[in-house]
Amino acid sequence: MSIFEKIESEVRGYCRNWDTVFKTAKGAKLVDENGRTYLDFFAGAGALNYGHNHSLLQQRLVEHLTSDGVIHSLDMYTTAKRAFLETFEEIILKPRDLNYKVMFPGPTGTNAVEAALKLARKVTGRQNIVSFTNGYHGMTLGSLAITGNASKRAGAGLPLSHTTSMPFDGYLGEDIDTLKVLERYMRDTSSGVDKPAAFVLETVQGEGGINVASKEWLQGLAKLAKAHDVLLIVDDIQVGCGRTGKFFSFEEAGIKPDIVTLSKSISGFGLPFALTLFRPELDVWTPGEHNGTFRGFNLAFVTAAEALKLYWRDENLTDEVKRKATLTARRLTEIADLFPGLEAQVRGRGLVWAIEFNDPELAGRLAKACFAKGLLVETAGSSDQALKLLPPLTISEAELNAGLDIIAQAVAETVVTVEPATVNA
Amino acid sequence: MSIFEKIESEVRGYCRNWDTVFKTAKGAKLVDENGRTYLDFFAGAGALNYGHNHSLLQQRLVEHLTSDGVIHSLDMYTTAKRAFLETFEEIILKPRDLNYKVMFPGPTGTNAVEAALKLARKVTGRQNIVSFTNGYHGMTLGSLAITGNASKRAGAGLPLSHTTSMPFDGYLGEDIDTLKVLERYMRDTSSGVDKPAAFVLETVQGEGGINVASKEWLQGLAKLAKAHDVLLIVDDIQVGCGRTGKFFSFEEAGIKPDIVTLSKSISGFGLPFALTLFRPELDVWTPGEHNGTFRGFNLAFVTAAEALKLYWRDENLTDEVKRKATLTARRLTEIADLFPGLEAQVRGRGLVWAIEFNDPELAGRLAKACFAKGLLVETAGSSDQALKLLPPLTISEAELNAGLDIIAQAVAETVVTVEPATVNA
Amino acid sequence: MSIFEKIESEVRGYCRNWDTVFKTAKGAKLVDENGRTYLDFFAGAGALNYGHNHSLLQQRLVEHLTSDGVIHSLDMYTTAKRAFLETFEEIILKPRDLNYKVMFPGPTGTNAVEAALKLARKVTGRQNIVSFTNGYHGMTLGSLAITGNASKRAGAGLPLSHTTSMPFDGYLGEDIDTLKVLERYMRDTSSGVDKPAAFVLETVQGEGGINVASKEWLQGLAKLAKAHDVLLIVDDIQVGCGRTGKFFSFEEAGIKPDIVTLSKSISGFGLPFALTLFRPELDVWTPGEHNGTFRGFNLAFVTAAEALKLYWRDENLTDEVKRKATLTARRLTEIADLFPGLEAQVRGRGLVWAIEFNDPELAGRLAKACFAKGLLVETAGSSDQALKLLPPLTISEAELNAGLDIIAQAVAETVVTVEPATVNA
Amino acid sequence: MSIFEKIESEVRGYCRNWDTVFKTAKGAKLVDENGRTYLDFFAGAGALNYGHNHSLLQQRLVEHLTSDGVIHSLDMYTTAKRAFLETFEEIILKPRDLNYKVMFPGPTGTNAVEAALKLARKVTGRQNIVSFTNGYHGMTLGSLAITGNASKRAGAGLPLSHTTSMPFDGYLGEDIDTLKVLERYMRDTSSGVDKPAAFVLETVQGEGGINVASKEWLQGLAKLAKAHDVLLIVDDIQVGCGRTGKFFSFEEAGIKPDIVTLSKSISGFGLPFALTLFRPELDVWTPGEHNGTFRGFNLAFVTAAEALKLYWRDENLTDEVKRKATLTARRLTEIADLFPGLEAQVRGRGLVWAIEFNDPELAGRLAKACFAKGLLVETAGSSDQALKLLPPLTISEAELNAGLDIIAQAVAETVVTVEPATVNA
């Protein structure tokens, strides 16, 4: 029995499907201790948009370390923090005409979400938060209450409350505009849904199976929020930082949320780091009202600033993501077309894609087969019914194609293996 | 206006008292961008027990980085994680006969606490948690509900529930054994307090003003928990990792909590990292039931393992802390004795100490005066009425004395300055 | 200033619109202290289905009183209680093949609802309750949490939780089958709506503006409840006891709820009385687990038993209600047709009807005008936009026509008065 | 099997101990259908302070009924309601210099308590309510959350929240002044107890086992409430209406609560009726914000007004209660003294008394033995360890002595029977 099986809690998950011990990583590849190389279509669940161990960021970290740069500083001022704030303002906020205040809520996504919810409730004096079906926002009690997944919710050991789950774009089928449902509840003072402090959503739901909100839906939601004096929170933790092409996932829709959360890829290097951004008028915090030991993690300031300079001074990465998106969509659609019996659906935006099958257990088998062939790719959706592609944005086209080849092969082999059995049944 | 004042949220706190921009740090010292050096009696709020930028840990990080070691791995297996688990088992768990499972709940203290609460509720099927007056456990909704501070609680924008705040050791004065109060509530089925899943406490309350639970009280609490089939959770985030002398703060009392949380200094280097430990029988999690993007932060695995090897293979650090504790207690008592009019109380254990005054605003003035003299020291307590000393455990005796000299001077000067004014008023 | 204005709380409501002091009442008429007679289209908000002061019930009460019959007995056994239970079983339960246990939860509707919710949660071990938009179930915290009206909810001074408000039949317009929305949430394990203990509804929403659920919708709901192992609670407090024709409002749909609440007209005489009925398998209460001082109000047992014998041994009353329903519907439709500019909608079933106008303030003005003409009729709906007709079931056709005449006149006069003003505006 | 056992819910309680069917009642006596007479030391759990079927009240009811007086009127004005309000003001409020507004919250105690809590939260904008150990306030969710009994709380099927249970007078033993505990929590802003809207208590806890708060404690509590701007709510449902001698139980302590709840004996005849009284400044309700079908139960207005006139125009009843209190205390103490082995404690005030034994099961056996001898007397306390005496205030001294004789005999016989067994064990 390995030390993992012996003393690590049963809560561990990914290691059960990818049962090897990884040692090194670079770009879009991980290498295990036996020297086997894996293509990475998982990218730290979106935390490694620029790949593993980017050499320039690596170098900046070593420089900071060897010069005795401050590592841990809570919310004291440091030179590294200043450099980050200046870079973030110059490269991200100003060009997008986003006049946000920046809060360091603690270094994880759920810290950023909890801070957003606390602020929204404090500012409005209202307690209810409207979230959306199949949303995923984190595991601490506040974030969990706006997360849809029943088994994760059950982990709370408590009824989760002060939230209302409204239907996401497309949730009620093609014929029903789910915004109309939300609007009806908001307009009616006897709807039984308490007026919310905020709407909170991911523009593309990652854990929920890659559900993509349309531009029109996002615009309608922003309008509805404004009309009812409700704050709009976009949780861009998984699909921000370029995942959908532009830096923020909501840019294409032309909306400006009141509050935005960022984490995962914001450090650019896989370091724990998170931000909560909001309109200056909402900055009603008293000093220290929300705090946390690791708010000032200077290594992350260093790599985050450097990554912004590398990738977001121009449109190159955005254009690259668009090209790869087209390629990915095309190839997944080809797979779907090749096996019409699977009734596969292909969904995605930028470099976050899903292919979902009529047999809900197929995705799990495919992920396993891909791993055997040297590709890390996970499943998503309420019953893990979709294969979810989340490669680094910086993956080469050759690598992207190689990974898609593996998926295509896995489908072909798995379906061939399965079909006769299905026929006999 | 600095970039900090311009775009960082008003929630920032420490920077307001320590209004300079820090650049480098080593051991017990921080240096600002103007080259001024500060002695650090704050130690990252307890996250830097071994000081800033420990050279050997620095070296290990550089090695890991330059060899393209995996940085971010969620709960996949990595060689760095294995090394940490083996080291933790060998150096910490086995010698103390602690048969704990290790959970990586996310890299911050509040993640560790939320996981502990979720598990306790899940295991017992009960919802109530008994916490203690003046306790501090974190800022996300679950942890905040067991935190005493009213202004922090108000930040939730929600009534915080499913918790009961019982009196900590000493809370009701010397004459009342607060355990008897708790016991009365537990025994009586009409007490109005729902049978709890767990008691959760810090053995020395840090934010709450350095309230030290006695050995006897801790033993009584453990006994009471057992008698009523209630889980005992020790939150050792601030006062574990040697802060009170031994690795865990509860060792001296000879108790074995059912669940323990660690964070802050567990990485040894100020990196975001946290653990939730529990008896194997409690490990009822289903895979992935609690997750988080930064559960597998390999840089922290590297430094944490190295720090354990450096400091916890023998009793040297524990002995050193005891010596410094004696010195600190003696010198603070001397200050108290020198100014009987301040009715100062000196409290502490290991290297966490407080000196509290009859004038609740004095501590704030002293902290300011200390900063002016080159010492970082913060205040604590429900009205920030105590000066709180939390130097690195590895501080030299000379540095410790130098810092205490500054405090003594600050008291002398502040009191002299203040007294006449007081007389005139 | 009257004693009412001087010492009765500002919470008083109906007296503000019907500003006179009533002294006697009989059948469908109330008489004030000045001897003025009013036709009653309000019937104690549905508590007086058999009219005021029914002579035979009056007589039974006097007999009980003058024979020193037990008045107050909590849940002790009395001869009057036995007579009621026997009558209820024989006349109501057996002929309908309803095998219900009878609980006396306290004498008001909200007591009955709270008992139903407690039982549903206890039996299932689940906490969430699905209620419906525009539902009204009572003013105590449990019932209020399933009531839609925002201003009533705000009265709690607390966030109301552990409930989900789903769209009632017709809530999302004609094109959307709201059952599909509910079904989608129930089927999806990532919907964010915790699996409920029960669905709770009124088949005709009274306070909500007379929203009538169709037979098909009710049948679909019952099926959905069964399929998902969710209890079905029908709150028949306002529209039970013959209000829709049959004794229970759900009989026409052919469904058998798991739990039913009755109050208002169940005593037959306007006395405080309520019942919670449920399938025997659900009777998991421990003795005294829910109690209340006025559970055993023997005067109500006496009149309730007598009223059942009077009206529910045959189909006469049901047939009578149907005839009057037809008449009411016809006449209201005539009014609507006469004034097409008002875009009036007529809704109802049995003897509960509403006429709603495009001008949301018109209903209030009409109610006032009717009162001036000697008719009590109230408004309903989330913005009191509908005139609500709730005459005693036993009202004579002449009286019913007389009341409808008054409404017709009021509409004619009010509209004539208003129209020019509208034109000028 | 009786109809009761066949179709009444298992929740029924008292009938299990008093297994007969009662038919008539007068004064302090109940008669079952077999003609057997029982002395009543239970008095409808305090709802029958003036005994059963008081002849004059009976007569007034018959007059009202036979004159077609309005029975049910919600919050419309009626002549009967006016008469009640005038009488209540003249006989109760004015002489006591109590400037209260009167609210009709619905006809049961729990309605009155829920209205009180809602108002307190609304007025203060705070959510927490401080209640006391062993308190009992009702079965609907709001009232249940301030009730101590664990098995009743469990009936909710939900965690009960937004309340804090503080130790009642004497709860922590003779040496601890429980007010000091409460004060410590109130003063400390890090106590973890959110500032409450109100303190709510019974001055003598009935269900909790007859715990009597001292005059000094009540005065201290009122002072503490004022000092911290917290509302004081006295729940006088069981021990108001003369139960402790004066009309309100708090009069002797000379305090004036901000809010008072009354029910049980306020109708004087066992009819469902309840009041919530409060200082005019607190009357911030909007019309109809709290409502209920049976707020205007005119039969109760009639008897309530008459009962006030009969008993509260002078001090006669108060004096009578005092005499009977002395007699009861003396005789219970004699019983206690006669059997020192039982270590009996005698507690009470006015005509609410308990005798509690070292053997917690003895009270149950005694109640059973008393019933066999023709006396109704119940048990109380968290484990039903006390015999609770609650005779009508108007009981004759002969009847009171006869009942006490039965108790004395029951003790003698039960103890004799039990003792040898105990010896053998």
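Things to note:
We call the chains A, B, C and D, going by the order they appear; numbering starts again at 1 in every chain.
In this text, contacts are C-beta pairs under 8 Å (C-beta built on N, C-alpha and C of every residue); 3 or more make two chains touch, one makes a residue touch a chain.
All figures in this text were calculated on a predicted structure; none of them were measured in a lab.
Interface residue usage between chain C and chain D, two copies of one sequence, is largely shared: over half of the residue numbers at the contact are used by both copies. Chain centre most remote from that of chain A: D (centre = mean of CA atoms). Two chain pairs are in question, B-C and A-C; the one with more C-beta pairs in contact is A-C. Distance between chain centres (mean CA atoms), chain A to chain C: 48 Å.
Chain D has its Cα centroid 31 Å from the Cα centroid of chain C.
Centre-to-centre separation of chain B and chain C, using mean CA positions: 58 Å. Residues of chain A found to touch two or more other chains are 127, 151, 158-159, 162. Chain B meets chain C in the complex at residues 158-159. Within the complex, the chain B residues that touch chain A are 2-4, 6-16, 18-26, 30, 33, 44-48, 52-53, 58, 61-62, 65-79, 81-82, 85-86, 89, 93, 100-104, 106-111, 114-115, 117-122, 125, 127, 138-143, 145, 151-152, 154-158, 162, 197, 237, 263-264, 269-272, 276, 278, 283-294, 297, 299.
By the touch rule above, chain C contacts chain A in their complex via residues 127-128, 131-135, 146-151, 153, 159-165, 167, 171-173, 175-176, 180-181, 184-185, 188-195, 208, 381-383.
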